[in-house]
Amino acid sequence: MTTSTALLLADLAGVAVFAASGASAAVAKRLDLFGVVFVGFVAALGGGIVRDLVIGEVPPLAFADWRYAATAAVIAAAIFWLHPQFARLRATVLVLDAAGLGLFTVTGTLKALDAQVPPVGAGLIGMITAIGGGLGRDLLTGEIPVVLRREIYAVAALAGAILVVLLNGLGHAGPIPLTAAAMLVFGVRLVALRRRWSAPVPPLRPPGTGAPGPPPE
Amino acid sequence: MTTSTALLLADLAGVAVFAASGASAAVAKRLDLFGVVFVGFVAALGGGIVRDLVIGEVPPLAFADWRYAATAAVIAAAIFWLHPQFARLRATVLVLDAAGLGLFTVTGTLKALDAQVPPVGAGLIGMITAIGGGLGRDLLTGEIPVVLRREIYAVAALAGAILVVLLNGLGHAGPIPLTAAAMLVFGVRLVALRRRWSAPVPPLRPPGTGAPGPPPE
Amino acid sequence: MTTSTALLLADLAGVAVFAASGASAAVAKRLDLFGVVFVGFVAALGGGIVRDLVIGEVPPLAFADWRYAATAAVIAAAIFWLHPQFARLRATVLVLDAAGLGLFTVTGTLKALDAQVPPVGAGLIGMITAIGGGLGRDLLTGEIPVVLRREIYAVAALAGAILVVLLNGLGHAGPIPLTAAAMLVFGVRLVALRRRWSAPVPPLRPPGTGAPGPPPE
């Protein structure tokens, strides 16, 4: 198996787990079969589509290579039919999702650097590649995106993206350091899940005391 | 009337019916005049804007040809002032909307094929052209997109897009077969409306029995 | 201080006030630190990112120049920690936000004209540059965008954008007329705030009488 075949398979594995996550959320909202497949498609490929638009790679890979859309559609349709069994696999899916997060962070950051995006922008694009699909999934299903609310998720991606930018700047962006960066995201995410780590939230003040919170605008 | 004039008029008719659909949803949410026009604009032109960004045609037609924006704005403003009468035209609008769906599916798919997008991607882009405006309308008005929830709508567009891709691949993408593809989408959508066809939804399980559904994440 | 330095500083001031507005809305929704910074980033830079994608400038400035993202992140993080004090500054923020609106309208319209977008499209792009970030902020925090619901906000931006297009067409797009256009947006917005001007909303009919409103679709 060549490197590029390995990368493609890893990429499609990321697509598959994100499609499963999107389809699962859509089933929970009782969307119809088309809705489940569409939300799965957005969750799996939305981050990469935004990445490709931002770096000027048109048409985005999700439309240029049919294997991406086909993987997302098949997995999402399978979740539609099998979701009771899938629900029991939830712990497995969280682990796979963490792996997808690591992978998409690294490949997204690398693609942006290859497209001559400067370091800070490339790191942001890498993070958006990894979290964008989940954002789209939550917007389509009427939720405030979970990635903005709790748990270390985007922060793990951001840390990985910064590491990739640094490795690239130092001329060490070879397969082993990049794999280590993906593993870092994966590991931070898994530990955060197990220990229920969260980013800090604003302090609650008891109602009727002290200064009022900001108005909801 | 030349072919390109006919196509432009048909395209603007599609813009008009989708603008009416968006403005109507915005009036129901009691948005102000600007909000009604803006949601009408997004509903009419959002799908085409996404299509043009994805195939690298910048600026998108909605910004490059003033007649598109003007049509959407005039129709949406008219709905704002006339909406009680418009409500009584609801059946007519559903028929016109089905016609717009067929038209945008065919033109979107053809534009993607012309831009060298491979077949599967071109079909997806055609479908997104047709349903994208309605998605944007529903997101802006705080609804889970109706296209994901019930009725044969996107599926009709997808069937039409696949047919256009096949016709193009066989070298038969002339005016008559393409019109037939648009009529197919139109017809499937109308029959689905009349017979209340829906895509399947996940089975309901009674609360408290059997395996729990997937958590809402 | 050169003109381009002055423009950059003014642009970053606009980024800062929009980041503050986004972060404030995110704090009110009790998002976590990452969520507050991300919503601040979208509110500050979302309009400009859409503008750059639509005119084909990739990567968008928000990713190409690190100072934009850094400004948004620092301000949003500051709001996260300081939001009780920030809430008391609400009147100040509304004034700064009006200034940002004027600035982004003018720069957005100019950029679109420079990219050879025709007049109507350029005016629309200028308005979208100014209101796009606020739209993104509201979608991410689960609100129907406030810009669509009440108050003269987008309309002020649209008036300024039309003025910039006219000035440009007449060959008078120098610093002083453009500053006047920004001041126009700023002034209209401030007067609208003080006098509680709103765009018209659809008439309410008492329930149970007369023609029914349009169905919610």
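Worth pointing out:
Note that the chains take the letters A, B and C in the order they are written out, and that residue 1 is the start of every chain.
Here is the rule we go by: a contact is a pair of C-beta atoms (placed from the backbone, for glycine too) under 8 Å apart; a residue touches a chain by one contact, two chains touch by 3 or more.
Being a predicted model, the structure only gives us computed values, none of them experimental.
Following the contact convention of this document, C is the list of chains adjacent to both chain A and chain B.
Where chain B touches chain C, under half of the residue numbers in use are shared by the two copies, so each contributes mostly different positions.
Work out the mean CA point of chain B and of chain C, and you get 28 Å between them. Shared interface positions of chain A, defined as residues touching 2 or more other chains, are 53, 56, 139, 142-143.
Listed in rising order, the residues of chain C touching chain A in the complex are 21, 24-36, 38-39, 49, 53, 56, 58-60, 62-66, 69-70, 80, 83-84, 86-88, 90, 139-142, 146. Across the interface of their complex, chain A is touched by residues 53-56, 112, 115, 117-122, 124-125, 135, 139, 142-145, 147-150, 154-155, 158, 198-202, 204-205, 210-217 of chain B.
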